[in-house]
Amino acid sequence: MNIVLSIFMLFGLAAIAPFVNQRFPKLSGWLLSLVPAGLFVWFLSKIPAVVQGVSISESYPWLAAMGINFSFELDGLSLLFALLVTGIGALILIYAGYYMRSYQKTNRFFGYLVFFMASMLGLVTASDWILLFMFWEFTSVSSFVLIGFKHEKSAAREAALQALLITGLGGLALLAGLIMMSLPYGDFGFDAVINTPELFLESKLFIPATILILIGAFTKSAIFPFHFWLPGAMQAPSPVSAFLHSATMVKAGIYLLARLHPVMESQELWIYTLSVFGVVTMIVGAWFALAQQDLKKILAYTTVSALGTLVLLIGTSTAYSITAALVFLLVHAFYKATLFMMAGNIEKKTGTRDIRKLGQLSRYMPVATVISLLALLSMSGIPPMIGFIGKELMYEAKLNAPEAGNFILIMGFLANAFTVFVSFRFAYEVFWGKSVAFQKPPHEPDVSLLTGPAVLVLISLVLGIFPNQVADLLGPAFQAILPAEQLIKLKLWHGFNEILLLSFLTVLLGVVMFAFRAKIIQVVSYMNLNFFNAKLSQKFFSGIDVFLSLTKKKTAVVQHGYHRFYLMTIFISAGLLLLLTTNAIDFSVDFSWHQSPLNYLIFLAAIMIIAGSVVVITAKSRLLALIATGFVGIGITIIFIIYSGVDLAITMVMVETLTVVIGAMVVYYLPKYLDYSGVGARIRDGIVAVFFGGVMSYLALQTTSPEGMDKISAFFAANSYTKAFGENIVNVILVDFRALDTLGEIVVLALAAIGIVSLLKLNAHKKSSR
Amino acid sequence: MNVLIALLIGFLYAVSVYLLLRRSIVKLVIGILFLSYATNLMLFFAGGLTETSPAFVMASEAQSAVMTSDSLPQALILTALVIGFGVAAFSMVLIYRFYKETGTVDLDDLSDIEKL
Amino acid sequence: MLFLPILIPLISIILLIASRHRLKLQQWLSIVSVLAQLIIALTIFFNLSETGHLVAQAGSWPAPYGITFVADYTSAILLIAVSLIAVAAIIYSIGFVDQVRQRGGLFVLFQGLLTGVYGSLLTGDIFNLYVWFEVMVISSFVLITLGAEKQQLRASVKYLVMNLIGSMLFVAAIGLLYSQLGTLNMADIAYKLRSEAIPPLVNSAIMLFFIAFGIKAAVFPFFFWLPASYPTPPIAITAFFGATLTKVGVYVMLRFYSLFAQLDAPFWQPVIFVVAGLTMVFGVLMAASSYDIRKILSFHIISQIGYMLMGIGLFSVIGLAGAIFFIVHNMFSKTATFMAGGLIYLYKGTYDLKKLGWVYKTKPFLAFLFLIPALSLAGIPPTPGFFGKFFLLYAGFEGAHWTITIVALVVSILTLFSMVKIWNEAMWKPEVESANLSVKSVRPAAWVGTVIAVVFTLLLGLTVGFTYDYFAQAGQQLIDPMNYIKAVLPELIAK
Amino acid sequence: MSKKRNFTLKSLPKRIWAFVKFIPFYAREMIISSSVLAYDILRPQQSFRHGIVAVDLDLQSDTAVLAFINLVSMTPGSLSVDLSSDRKKLYVHSMYLEDPEGFVKDLKVNFEKRIKEIFE
Amino acid sequence: MIDTIVAFLLLFASFFTLVAALGIVRLPDVYMRMHAITKASSLATILFLIALIIAHPSWRVALGSLLLIAFVIATAPISTHALARISVQLGIKMTKGMVRNELNKVEPIETESAKKSAEKSNSDELSY
Amino acid sequence: MKTEILKIAAAHLKPFLLVLSLVVLYRGHNEPGGGFIAGLMAGMAYVIYAGAFGVIQAKQLLLAKPLTFMGLGISLSIFSGTIGLMNGADNFLTGVWTSISFGDYMLKLGTPLLFDLGVYFTVAGMLVKVIFSVMEEDV
Amino acid sequence: MESQSVFLNISVYVAFISLGLAFLAALFRLIKGPDITDRLIVLDLTASSLIGLVIMVIITSGETVYLNVALITALVMFMGNIAFARYLKKTLKR
């Protein structure tokens, strides 16, 4: 058993999951969860080794030439995430096995879900940036198909598109950043940059690379201003929300930040960016959670807030903050996954997620109520849940923040208070509150639907009481993020101190707000509508619409369909491009002229060509134009005759006549010339024509061969008779020296003949309709 | 006279461009013919002009150094000419069939193909 | 042996003409022929010399006098890629294209096209290159008009004229170059450029060449013909076009840049980058705003040509390897998407995204077949599209060519967008009930062809670790063409 | 379509002699016709009495007919325009049609006879 | 001596060339212009060829020239006939002074059977 | 078009042109001419014939279908190229010569002549095929 | 011809000039018309002028290979005439 195998097992499971679900529709969730559960156990068994600092790593060549390998490493951070992915994954599968029964086409759902799980496991265990990126993109794609699972709804399709585009954009930024970061090393392994960060930090690409990588992480983890895709992603079925959009995928960005933290911790750019965006996201998420009416949207915004908090904590970069971040990561995964699953349960049993249409559920589903309440307690940071420890550590970290501590503290305080308010509101409005007339009385969710939440809540509770059980796990993770420091010891009870006071005040403020909930929701809604009506998601789509209509217009300008303007573009650009190359050429022309009667024939040829051309241009009859074309051809033939092109002249005469003849035979069927163009168009076209002709003339003037140049044709003249036994050099070239050209030429003729016949005789349309 | 021929080449290119820019498909095809005239002449001209000494070696003088016009451009033009003939014949039949199917000879009527 | 790639299709043409009244025989002949071509391509690849070259002289006339055929890693790789795609395309066509067209010369023209492509890839002579280009072009003319449906004919006029202009400029360029250097052999030209003072007209000649190839490759600002013409013939033909014609244009630019233009890189590099960037951007913008599967994919061809050009402009080992890899990737991925799109058409009777829907629900396997190459085009690892993009980005950053690299990045998100658009509209959206669509019969060969193309796409991505070396060697060869010159002109260099 | 020719070996020398005699005649006719034409072209005031007349042919073989047609076209003022489908009637355009009947008679006497001597 | 003969022949040839040229410009209708082409132009060509034979006496030249003379004589009346006939059929009027025109009313232009057989060949099931 | 004069002329010209075309083909190696020009001449013989008698009659006169001629032509050209392969795998299109002597006169025969013959057939076939097809559109 | 007499020299020029004039006359008729057959006979005159021109080139240069050009021109123009006549015949049927 090794890491690669574990990942491949999951990918294999993804491949067979649809068939398992088809064969055992009732048991599929449980059956499928066996594999991640087993892997969970296997990862658990690795804790001792990891604690002792034994690095478990594997590497297989991939694109070794460019320093890209299938490298995996299981350090504390990876192990922590691997456990989350497999553990919660197993629980989610159990949940989904029952939850998805009411859906159609669930076979592929399980495939996608397990595929995501495998990708996520790969992402957190990879120790090669490109490998990580591959899994990163896999998670984006699986998130896309899962968000769009109810694809018959246009909202689902749009949300999926939005999520994919945002994360795809981030993915590209990340890729660019990772390439920039790895350039100095020529190697994409983690070790390179982590062992010798100076090379990267001192490279001139440091700033762009960092910004790009941050964009990648922020988009994935729904950090402001990219946060808006996450609430939209609530179109996905609840197991997906619980797994991808709270517990795991959105943490990928956090994972990346943590991964890079040892490299970046000394950089102000890094620290400040994380802190600022973390704070903003934290407060924005919490604020928007206040007045939401949809259970999953409430949870989504609190998730945004939590993700912001995590970024802030990593950015703060102290022993407290990193400890807090790790603990909060776990805490949040536990309660948020629970709550999402419960939200799904509630929706399933009542048919709605709208908090206004829910109430008094504690009467119908006591077990679910208890589970939910415990999770909400954890979310509110109330003992004895582990959420309390998380919040204590957060306050401690914020108090100890190296800079702007007070501001961060106030913001954190508000965000936490808002979360408390939201939790209370959730609990009250759903489980108590006003009584609602359900169409059919809801009842307790089934065991499969409660197993996952129950287990997670239980863990939250146990860990809250015995927090140091996780210290073993968090210690190595901490080391991976902040090697210079030590994990802070976790305790439920710190004694009476300012932090406890803060926790108390937080809850108090939340409760007070809850007391005035009607007013607050009214005010917040009003403010959201009038001051914070960013509606980024809508703007995103209207932006796309604007972009599309703009490109459509621009495209219509470029790809307007008018053939002659295409040609005009071609000739003008070709002429200009050719002019570009002529700056080196000097304009010295050979005006020499030597006396011979034949020389005067050039004038005859010129007159014929020019006069014939004028006739062609001005001709009102098509046949006249064709004959005049032939006339011009004869003018050219005369030039060939004067300058020794015997075969050429013969061929020219023949080809010319045949072309004109075929032209006449064909043109006969066509209608008469019409005057299409006005004088303006003619003048414009004339200018283009003269321009291009002038350029070509200019080039022709420069073609005088350099003095004493060797031409390969000397070889033909010397060997035509002696080696190829022919006196006609041109013909010998055609059938011997360059017979291959001639072979191609007759193939062209044959194909042209076939084409002509097919044009005349074939009519796919008529035959097929017959 | 080199200048004259160079100017003729340019003139033929210009006529060809002008014809190609017409809306009538017949003129378009004639424009193609002119383009091939211009091109062949260009190739001929670029190969260097030699008056009335066709590229032949007599059996008797095969061993001595022969002065003939450059045979290679001629062979190349021949090939290009023949290929051009095949293509021109195809083009002509194409415009015939084109007219038969579409009922128009005005190229501006084609502008809707690229409608997105 | 180097001549076999053109001889096999030529002999096939003769046999196909002889068996023109027996369709089944024609189909089998075509398949056997492309398999033989594949074997030959592989043989050539594995027989490359120590320096990675294989040279043959037509008629045994020594270079630079006779016509030289040269294979190096670049051409050998593309040779294999084309013959692989030909296998898929022919099988697909047997299933997709109607009987009238199949009887009307489809297979002959496919072989003609292949002859031209192989000849263009292998020849080491600029005029011979023109001849093979013409073989390719005339085949494509006929293929694009084959069946003579109204839309086809309407589109073919633009295609024909633009390509003819390209051909003519090509010939003029040959004239200019010959006047300055007195030779047609590419290696000889390269050698003369390196050993003597470069005549000033050479840049103009190269520019004319690039304009000509640019028209064939559908490069900005010469791309107009492509979106007009590609969407009109049966998609099997479009798929094959997309995989071969424009790519050969790029290949030749690559070759010419390596042999000739790189000597004046300060002039050429910016030109190439500007053109590459504009090509990428325009192509993808048009793709994004289009609502027809074939048009979106056709516009993408343009956009992706920009990437290949970018690789040429970067002109580093990784950049060139990236460009070649991108060409191959695009051959496979684009063909596969076109083919899957064609199957959608067969089932739904339209390519119009506004009318399409439900493919994911009713034909999940087809959706999956589309998804893989679509992901590749969008550049998701480990599909080949990712690696193509990765190499180019890497080389771009490595060479500090910021603007073009950033443009490439931005364009790829738009590519993703247009792929998702197809997915959302065609696969996910509920069927539009008002659309009255005629469903055509699907022959299994169309499925087989698509699966083959998709498998090729996947394999190209998955095996990149093994194949990258060859791409890198190809890039290395292009950067320093001295070995190429030596391989073609052993005596001359020895002097 | 080609009619049976009464070709015999015996008549061959006679025919050849006729042909040899024919050559100077033909040359003369050509020169005369061109000179007459030259005169007509060069004179300042042009007026012609012209038209198309039918000539009944007695010639048997196609070759003879062809030769006759040829000869007519090469002689002063006359030009073969068409032949009836039974090849019995030749339509001739003449620039000097003062006396149409005389013109036809002249053709038959002067030319058809000579042609017959050679070919039949 | 030979030079002089050649020179005279050339002058004659030039003269008839000019006659043909002037004829095509000056003569009043298309039928008469055809006379100019057929007679003067052919004669000029023949004279040029004879001059050539004399100027460059060789078997090759003689054979070629005679072949060409034969060809010109044989074909010139045929092509003018074709054009003259079609001119009549097109109804191109002769200039004033026309005495009679006996061709106008005869000869139907085409037969039905030919048309039918043509259609048949068109609809052949023909692949390329 | 059915003019009797033309019919007679065409019937007389055709054999003459065909023979002439063969002469031009054979001499092509030493004098102007060669496969392409000769091929066009041969094709023109049939074109003139078809102009006089109509396509159907002209077609009946052909020994084989034009397409067969084209196929034959390309085959001949390729075949002539492969003869050289006897002397080495890469000797495609390499000339192989032999001479037959009639007293003083040496008749040189080589694969390039065979190649030219292939060109001749292809071109003739192509021209006939194309022009006949166009003519058939409307006889 | 190495040593030409003055007379011959003059007649050569005269021949070239008259041939040139013949081309111009053809051009005049081509433009003037008025009927389609007027324009077609222009081809005839052009062809025979071209043939004359080629012969003059041979006479002045001694390159007898040009004779082929003349021969083929004659042949091709004949064919061209017949084809055009055919073309006109078709317009008749319309």
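Think of it as A, B, C, D, E, F and G in the order they're written, each chain with its own count starting at 1.
Keep this in mind: contacts are C-beta pairs under 8 Å (C-beta built on N, C-alpha and C of every residue); 3 or more make two chains touch, one makes a residue touch a chain.
Bear in mind that the values here come from a model prediction, so they are computed numbers and not experimental data.
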Open item on the list: Using the stated contact rule, I'd like to know whether E-G or D-E comes out ahead in C-beta pair count.
Closed with: E-G
Task: Chain at maximum distance from chain G, centres defined as averaged CA atoms - done: A
Open item on the list: Using C-alpha centres only, name the chain that sits farthest from chain D.
Closed with: A
Open item on the list: Between chain C and chain F, what distance separates the C-alpha centroids? Give it in angstrom.
Closed with: 36
TODO: Could you put a whole-Å number on the gap between the CA centroids of chain A and chain F?
DONE: 62
Task: Whole-Å separation of chain centres (CA-atom averages), chain B against chain F - done: 24
Open item on the list: Based only on mean CA positions, could you tell me how far chain B sits from chain E in angstrom?
Closed with: 29
TODO: Can you tell me which residues of chain E touch two or more of the remaining chains?
DONE: 15, 22, 34, 42, 74-76, 78, 80-82, 84-86, 110, 122, 128
Open item on the list: Give me the residue numbers in chain A that touch at least two other chains, ranges are fine.
Closed with: 552, 555, 559, 561, 563, 567, 598, 642, 644, 646-647, 650-651, 654-655, 658, 661-662, 665-666, 669, 696, 703-705, 711-713, 716, 727-728, 734, 736, 738-743, 745, 747-762
TODO: Find every residue in chain C that makes contact with two or more other chains and list them.
DONE: 10, 13, 20, 58-59, 104-105, 108, 127, 131, 134, 138, 141-142, 145, 148-150, 157-158, 161, 165, 169, 172, 175-176, 179, 184, 227-228, 286, 289
Open item on the list: Give the list of chain D residues in touch with chain F in this complex.
Closed with: 1-2, 62-63, 65-66, 69, 80, 82-85, 87
Task: For the chain G and chain E complex, residues of the former touching the latter - done: 1, 4-5, 7-8, 10-12, 14-15, 17-19, 21-22, 24-26, 28-29, 35-38, 40-42, 44-45, 48-49, 51-52, 55-56, 58-59, 62, 64, 67-68, 70-71, 74-75, 77-78, 81-82, 84-85, 88-89, 91-93
- [ ] Would you tell me which residues of chain G are touching chain A in their complex?
- [x] 12-13, 16, 19-20, 23-24, 26-27, 30-31, 33, 36, 39-40, 42-43, 46, 50, 53-54, 57, 60-61, 63, 65-66, 68-69, 72-73, 76-77, 79-80, 83-84, 86-87, 90-91
- [ ] Please give the residue numbers of chain F that touch chain D in the complex, ascending.
- [x] 2-5, 7-9, 11-12
Open item on the list: Which residues of chain B touch chain F once you look at their complex with the stated criterion?
Closed with: 54, 56, 78, 82, 86, 89, 93, 96
